[in-house]
């Protein structure tokens, strides 16, 4: 384990302090097992967040209110996950000037292809920053990159940690390569 | 031309009288060339309608207001057309108890497959009655069938006309068959 | 549990009274595990229905007779589920002036994409109100919305219950949001 | 031009004599430009055929009557072309014991993928012999192969011509190869 | 159980007598669990068949010899199953004038879509009668329909049995409908 | 034309002043007709940018150097467009801690589906903010939203303009609705 | 224009000398407009080749003979292009120990997806080196890379030229970048 | 077991001697269960290889260094496996003049279709020899065929073994056919 990953682990034990700067929302609590990876990533970067169920189809008024108030409440990024005819990310993007990150949640059929197209194919004027099917961890990391473009102390800390995080990814890949080379030297398993 | 189609033609010259019972909405006026086929079908059945641009992404508040007031204003069915990440039909279905008919409008890429999946794959609780890609005429006919299930004079008239319309479809197919048989009897063109 | 859902639960214990106004049909009894969700939804709204196996491919004459007699027997909506090269919804729509709701039943391969396209891509003239893959519950709810557009006492009751149902969906989503916020406050599970 | 193709050409000028043994049907006369290639192939093999518009959705009663009477009228094979939610081939296969050849006709969107799946994915019990998207010529050739399996004089003649036809395909390919080799020897065009 | 199905059952106990008129071939014995449904269907119709592994990719010379000799050995139809880049049905169709029925065998990925396209999308001149993904039973039934178009005693017997078989399908569907109606009358299971 | 759009138009005439904060890169100059919409959007928001050809496949060393130096040179966001096996956005994301926005450029075949999947389906650890196929304008708007989350004067200006821009979208939709209502009042065109 | 591209241009004027080491084959001469890009690439690298029509479906015996004799005649690589149910590359790979490069040729429908899957999804034991849809130029370049792995003078020359070719790609991309930067500096076109 | 497969088995027990001529790389050690089939195939042919984790996204500098040094270190072919937005094969192909074989590794969603398109759809100039989804064994066999085109002793040995390997495939298919014929003679299992 490297320095960077140790630091990340330490962070993840502590609840994020301060007012949330990222909002994680989803259409149903059944999306949480997928979406909590976004929360975990934000915790690794020490970014305060909030998480909530905000359904475009079941509570449209509150959904719009959530989006319209997001910037005023101090959020800088909204992460929205939804599946099937997934309208939440796009609808939020239409009522906030903040960047919205969309996570296509795969449902029982079609492997998330419907979720992906419903999120990414937004009309000109209302962008959604779409990540991979089920890619909530990357949604959290993308939010961290966005927070890192700001000018305050949090942004600075996140930017530094992102560099360490990327070095850590490299180190882990190196270690895996070494282990694989060793394993192959011992011969293939039948 | 049969009796039924002559009657339909006559109707289509007259603007529908009375308060609208079907609302036709679309995300942009660029959808009108596709969506006006729904209007034409309603005119053939003598069903009063209204048509408007109601964009889920560009005017979300008004879109919700449209849906919430639709039933109270006397509409019985809402037809909504949209393309790409098409959210309008599903969002309207979430704010009205009326049946909502969704028309997947094909855009420049993907042949409307994104529009179709964004409209039809709605989560349990909020149905959208989806028709074929670009199938606005069928949306109008489906709305007519729904209006025809009511108990008033309009419903009765629509139901009768629908029976005549279906007989007319059959007659037209018969005529096409006769013409084709004649053509084949004269020999294939090279 | 809210008032509305308690009312719905009470209803679901009682068999629907009166002559059926919705017919639920499917190509094979193997579709019943999917299709019974339509029946359940209708029971929640107190709408009398019938259910039957009517196969387009195995009993075409009876299938056509079913469709041709549906309106005369008092049905207002037909719900038809089928899988693969799913012809039942479209064939019924061609022999009845009633609105037909199609449910694409997913089979062993292709995740229901073949069922969806076989049902939704109907030619101009013969619409099928298609719902999501496996979306029988939404088919029932769509039928309820359609019944709710009528002018009789049943329609009025259904319309009122639909408003309560939608409020209930919202309340449930609120409750899920509250539970999620609490859970996140206690920390992420590893 | 080879002997075999000259013979075929000669045949194609003469209308097929005798009672039709293959029926070519389609949902609309707009399918004829695609479907006439099936007729042309049958003429090349001297197989009497009939062609008609038989719409599953616009004239279901007549469609079923067509299928139920096909064998009794002397047809040995039915070729059915349809597009979109293409139900004609499968419905005919359900009302005749004859082999039914299905031609997926491509419509404006989806490149015929909906037509293909609606035709080929038939449930166990009711097979349709599906050919390629727009592959009406192959439908005619497949019908010829089937006719060729019979025991009468027509079958014998078709079988012999099929062998000559296949030799002809080979000869044409040879000739194309020779021409290409020559062209390449002269150098690539810029 | 109806008369027709009892007769079919009786037949299936006896090995088909006489020289095979249908050849069932597949690229690997791993396809047999899928392909044996074709054999079973042929046995139900009393049609003598042979079954073999004939791989286009592993024994191309023998594959071509199989196709070239098929007609001469008395086969009237060849059924070929293959998966992935499935070349066997098309290659056999290119070396025999007999009708070739192709069965797309689904492999581990893509749900058989690759198998389907590799079989059905044959170029003009060389048709393959394609059935559904994994649809070996329908391949057998299609072969039976083709055999039934001949003029000999076997053809006559098969044709009669096919009529009975279709009546049987209808009776089974009726029985399923009756059972379902009864089950629904007793109330939905929770 | 509204106040907001007039302001935007005025801006678009002036070249963006100051050091670039957004980098727009693409694999080939043939992508420029698509990608310049991103530039145009940035100009509307007064955001200085640079544009360059940086090919992952033709100049990998320079591509990596571009990514590694992007943050140090003052860029806050990188927009990368590519088609087919589109590797540029993902490779850049792996060598910079900045947010990278990916634009799937549609090529001659597959309507950009290959481009979309090659960009959006990134492995955990390296996110790309993907927009719609050919959606370069939205890429520019997303970059503007991200720039707007910063704390400096530019961010403030962009945030304010984004609110005006969204109001403008709404006004334009209103105007389109009014025009459509008028047109429909005059009757449908034949 | 760089040194390397000038050298390549010079070469392309001269017919390749010596016995062919690469065979370019296709199912029909209609594939030549696509496939000649492979020939052009080989000429740029001074690699002698032959080109021919060798149809898997129209001349299967000759196709197998071609594959079986390819190595003995001095070929080191076979490039095979085909469309639809594209069997040529895989069939050749089954009768030669040489590497076979497959080019999916797009036909009228499906944008070459059928061609791609028919070529790339080969069963274990018989590989085909598949390139992109319509990617004949890359097929030629891949053949050149393979020829370059040999030990003779031709291999050495090809390897050197490949390094120059890659440098040339980089230089061209540089030049395009410079031109784009200049164009942007002059302002966007409206 | 045949002579050829016995020889292959014997070889597979011994570690490959001499400097590696094939490099097998993958983005993560989680790809090894798929990719080791490439190693096993190379061992069957006595081809020395190396295996390593080289991630395009986690260690881009090292990935480029690996590609740039591959030829100089004596490798003749690089096999690269990756999943999702799979960039490794294409990026390696852009920095080495060697042939690169790409293996689309299927991930949790989309059955490897994203991996396939990300690898095979490379732009003109930079080819990747793509094999089937999960087709690592074929990648090894393709590398063997390429090694077999060289002029040295290893190439000669590989070429001879490939001929024996193909004969072995044929013998195994023969044996499977014999077993199947026997099994069918004993009757179908119920």
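In order of appearance the chains are A, B, C, D, E, F, G and H, and numbering begins at 1 in each one.
Here, a contact is a pair of C-beta atoms (placed from the backbone, for glycine too) under 8 Å apart; a residue touches a chain by one contact, two chains touch by 3 or more.
Because the structure is a prediction, the values reported are computed rather than measured.
In summary, the chains found to touch both chain A and chain H are F.
Path length between chain B and chain H in the touching-chain graph (shortest route): 2.
Among the other chains, the CA centroid farthest from that of chain H is the one of B.
For chain E, the chain whose average C-alpha position is most distant is F. The chain pair from E-G, D-G or A-B that repeats the A-H interface, sharing more than half of its contact pairs by residue number, is D-G. Rounded to whole angstrom units, the spacing between the C-alpha centres of chain A and chain G is 42.
Centre-to-centre spacing of chain A and chain E amounts to 50 Å, using the average Cα coordinate of each chain. Centre-to-centre, using mean CA coordinates, chain B is 35 Å away from chain F.
Residues of chain B in contact with two or more other chains: 28, 57-58, 84-85, 94, 110-111, 113, 120-122, 125-126, 128, 132-133, 169. All chain pairs that touch, listed by label, are A-B, A-C, A-F, A-H, B-C, B-D, B-F, C-D, C-E, D-E, D-G, E-G, E-H, F-G, F-H, G-H. Here chain E touches chain D in the complex through residues 71, 76-77, 94, 97-99, 101, 116, 120-122, 124-133, 135, 137-139, 141-142, 145-152, 155, 159, 162-163, 166, 169, going by the rule given at the top.
Against chain D, in their complex, chain G makes its touches with residues 12, 15, 28-29, 32, 36, 39-40, 43, 50-55, 57-59, 62, 84-85, 108-111.
Against chain H, in their complex, chain F makes its touches with residues 27-28, 56-58, 60-61, 64, 83-87, 90-91, 93-95, 107, 110, 113-114, 117-123, 125-126, 128. Looking at the complex, you find that chain A touches chain H at residues 106, 111-113, 132-134, 169-170, 172-174, 176-177, 179-181, 183-184, 187-189.
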